[in-house]
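Each of the two complexes below includes chain A, the first together with chain B, the second together with chain C.
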Partner chain A sequence: MFENFINAFLTAEGFAFYLFSALTTGLFLITVLSKNILYAMTSLAAGMVLISGFFFLLGADFLGVVQLVVYVGAIMALYAFAMMFFDATRDIKEKNTNAMLVFALGGLSALVLVLMFAAPVFSENVVALYPMTEGVGNAQDVGIVLFTKYLVPFEVAALMLLVAMIAGIILAGKKMDQSLTEDMSADDEIMIIKDEK
Partner chain B sequence: MIGLTHYLIIAAILFSIGLAGVLRRRNLLMLFFATEVMLNAVNIAFAAISHYYNDLTGQMFAFFIIAIAASEVAVGLGILIVLYKKHGSLDLDDLASMRG
Partner chain C sequence: MEITLVETLPQAIHEVTAVGVIIKAVIILAVISAIAGFGTYVERKVLAFMQRRLGPMHVGPYGLLQIAADGIKLFTKEDIIPQNANKFIFMVAPIITAATAFIALSAVPVFPDFTIPEFVPLLGGVFVPSIASDINVGVLFVLGMMAAGLYGPLLAGMSQANKWGIIGSARTAIQFLSYEVVTGLSILAPIMLVGSLSFVDFNNAQSGGITSWLIWQQPVAFVLFLIAGFAETNRTPFDLLEHEAEVVSGYATEYSGMRWGMFFIGEYANMITVAIIASIVFLGGYDADCTLGWLFIILKIAFFFFLMLWVRASWPHVRPDQLMWLCWKVLMPIAVVNIVITAIVMMV
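For the complex of A and B:
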């Protein structure tokens, strides 16, 4: 058992796998446990960079690049910009429930979920629906499948991103100094009408 | 050698870290971070299954998960900004206005 572990550790793939696993686990633990928003966000971004390392290990080159560009480049930058609206330097105070109980519950329910989804994978022979083509790069292969079999979901995802962009602009965009829910302009108009009288 | 089980186990560990974060956190921004952790863990599992079964479907699902995560963050952060302007805090206990 232990010898197997050492042997796996000594190969390049094994070394990279165990290094990435240890680092991502540590960084995501900081994200979940830290009291400071800035530390949590930074460790989350670093963990996401390392997760793209997993994708490169698994031969999913295009997915790894998308992870770097979209997750680290776009989503974390969005978080960084949004943090300018919040008081990020102050430590947040939270009324914590029993931490051990929460970890036990989280671990148990995650285990149940993994068993639920992994059981059919291990129980029967899974036939590849869209097998990878030999001698074709991963990006080209992904493109072929994405623009033939998954064209409709791709277009729907594009529409969803458009809707999300419009929602983001409306919620956080214009009239930043005013509240959306309390109509300040109505008060101003009432004041003006009073002044005129 | 590193097998599929290794990747599924690390995905399960990261997913349970994220789930514990969702259960434990009271700050809305921290809850968002915990959901990102969970989404990333699921993406690892999808990419690993895609690699070991030589099938591209897992990678396709991971792409769509990333697209959904991006739109979720765009809308969610907008809502957080509106909430922060209204209440002055992102704490879930402060936001519970219905006293249920």
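For the complex of A and C:
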């Protein structure tokens, strides 16, 4: 067991895998444990970027790049909210309710997740249902599977995103015809004051 | 001699070795850093001539040694870290900008392939590839990496305990969320035409001379990509992040010395990356059939670099809300219509 680990570690891919694993685990630990919003956000972003390294190691270039693009953008939006609500240079006072309960529930759900994903791997039942086509690029492979086997989930996801987008526009767009920077009421007041003079 | 070899034999004959890739990485780092330094001088000179000034004249002939003087100044300046700043993030932020700019360049074909001649000791006969890492999704990788580079200004602004910095990083976020959609959608139409995400395929698809350049088929996408590229590299008219007249220096307010310098090396490297992408995707790239292909792509890159300075000299800044209005209400619909028309033409 231990010898296997050493041997895997000494190959380039094994070394990269263990390096990325240690880094992502460490970074996500910082995300959870840090009291500083800036550290938490930054380690979250860095961890998400490093996860794309696993995809590259597995030869799934396209998914790796998608991971990179999507999470860089998504977490950038989170930063915007963090900026509005927190002072980035100070620590946050956390309000912890019943640490034991949180620990037990968090640990249990983590355990269940690990079991769910590790059980098929352990019994070596994982077979690639759609193996990579020779001579076709990564993006094309994803496209073929997406538009044949997974067409319905794909379209449903697209529909849901459309609904979310329209809802977002309706919620945010109530006063869109009024420009905040060109608020005329202030100008009117100034004009009135001038007229009085 | 080598060029004929490259075009007649398939790529696999030239084995890409680790040494070759490392040499390529060193070349990219050295050349692009040097060009970035030289770019500051070129920018000052070009802007000066456009505004009927002389620009730097005192250090060396025509002020050429100004780069050296600026370099000495940057390296020897005190590295100040503000008292209330988040020190670690403050120190890391410039490195993110510079590093991601160079990582993005690792997937871009900067110069054609070449083999180091046999008479060179130690490294003779090593094949140096045109791309340090030829992944088959190069376009997406480069755009993603350049997007990740915006974490530099964002973190810098938030960590420095300065109001101008906060405004700068808020503007980083909105700028990113505005242009990113346009960049992706504008480059999607050429990708559909070529049917690949690899820069090498883009180059090969346009190898039939000037008439086969994608700019003739996709003029709208070209203009959209250029506009989004200006926003991506924080060039005027979209340099909201550190607009001196409005927010002092934005995210870079508290920076000095080499940390400030790293932001600008990153910015110039990004300018070069955008210029390379534009010349490969729309203007034919490096012509592998032509002996002077490497010269042509350098001319194309230089043209785009000059274009950025030209625009800076002739256009005023835009406000943040104008940028959002432009990206979301004007450019994005045009890009979507362009994609739909391209798709219909391809189907018919």
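Note that in this section the second predicted complex is superposed on the first by the 121 of 197 C-alpha atoms of A that agree within 3 Å, B and C clash if a C-alpha of one lies under 4 Å from a C-alpha of the other, contacts with A are read in each partner's own complex, and residues count from 1 in each chain.
Please note the rule applied: a residue touches a chain if its C-beta (ideal position, glycine included) is under 8 Å from a C-beta of that chain, and two chains touch if they have at least 3 such contacts.
The model shown is predicted, which means the values in this text are computed figures rather than measured ones.
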Dominant toucher of chain A (residue count), chain B or chain C: B
Touched partner set for A:D61, first chain B, second chain C, both or neither: second
Partner chain in contact with A:S109 - chain B first, chain C second, else both or neither: first
Contacts of A:Y79 with chain B and chain C, given as first, second, both or neither: both
Set intersection of chain A contacts, chain C complex versus chain B complex: 62, 66, 79, 83, 179-181
Complex contacts: residues of chain C adjacent to chain A: 84-86, 88-89, 135-137, 140-141, 143-145, 147-148, 150-151, 154-155, 158-159, 161, 166, 169-170, 173-174, 176-177, 180, 196-198, 319, 321
Sites on chain A touched by chain B in the complex: 8, 11, 13-14, 17, 21, 24-25, 28-29, 31-32, 37, 40-41, 44, 47-48, 51, 54-55, 58-60, 62-63, 66-67, 70-71, 74-75, 78-79, 82-83, 85-86, 92, 94-97, 99, 102-103, 105-107, 109-111, 113-114, 117-118, 121, 126, 128-132, 141-142, 145-146, 150, 153, 157, 160-161, 163-165, 167-168, 170-172, 179-182
Touching residues (chain side chain B, partner chain A) in the complex: 1-2, 6-8, 10-27, 29-30, 32-34, 36-37, 40, 43-45, 47-51, 53-57, 59-60, 62-64, 66-75, 77-82, 84-86, 90-91, 93
Residues of chain A touching chain C in the complex: 36, 38-39, 42, 45, 49, 56, 61-62, 65-66, 68-69, 72-73, 76-77, 79-80, 83, 88-89, 137-139, 179-181
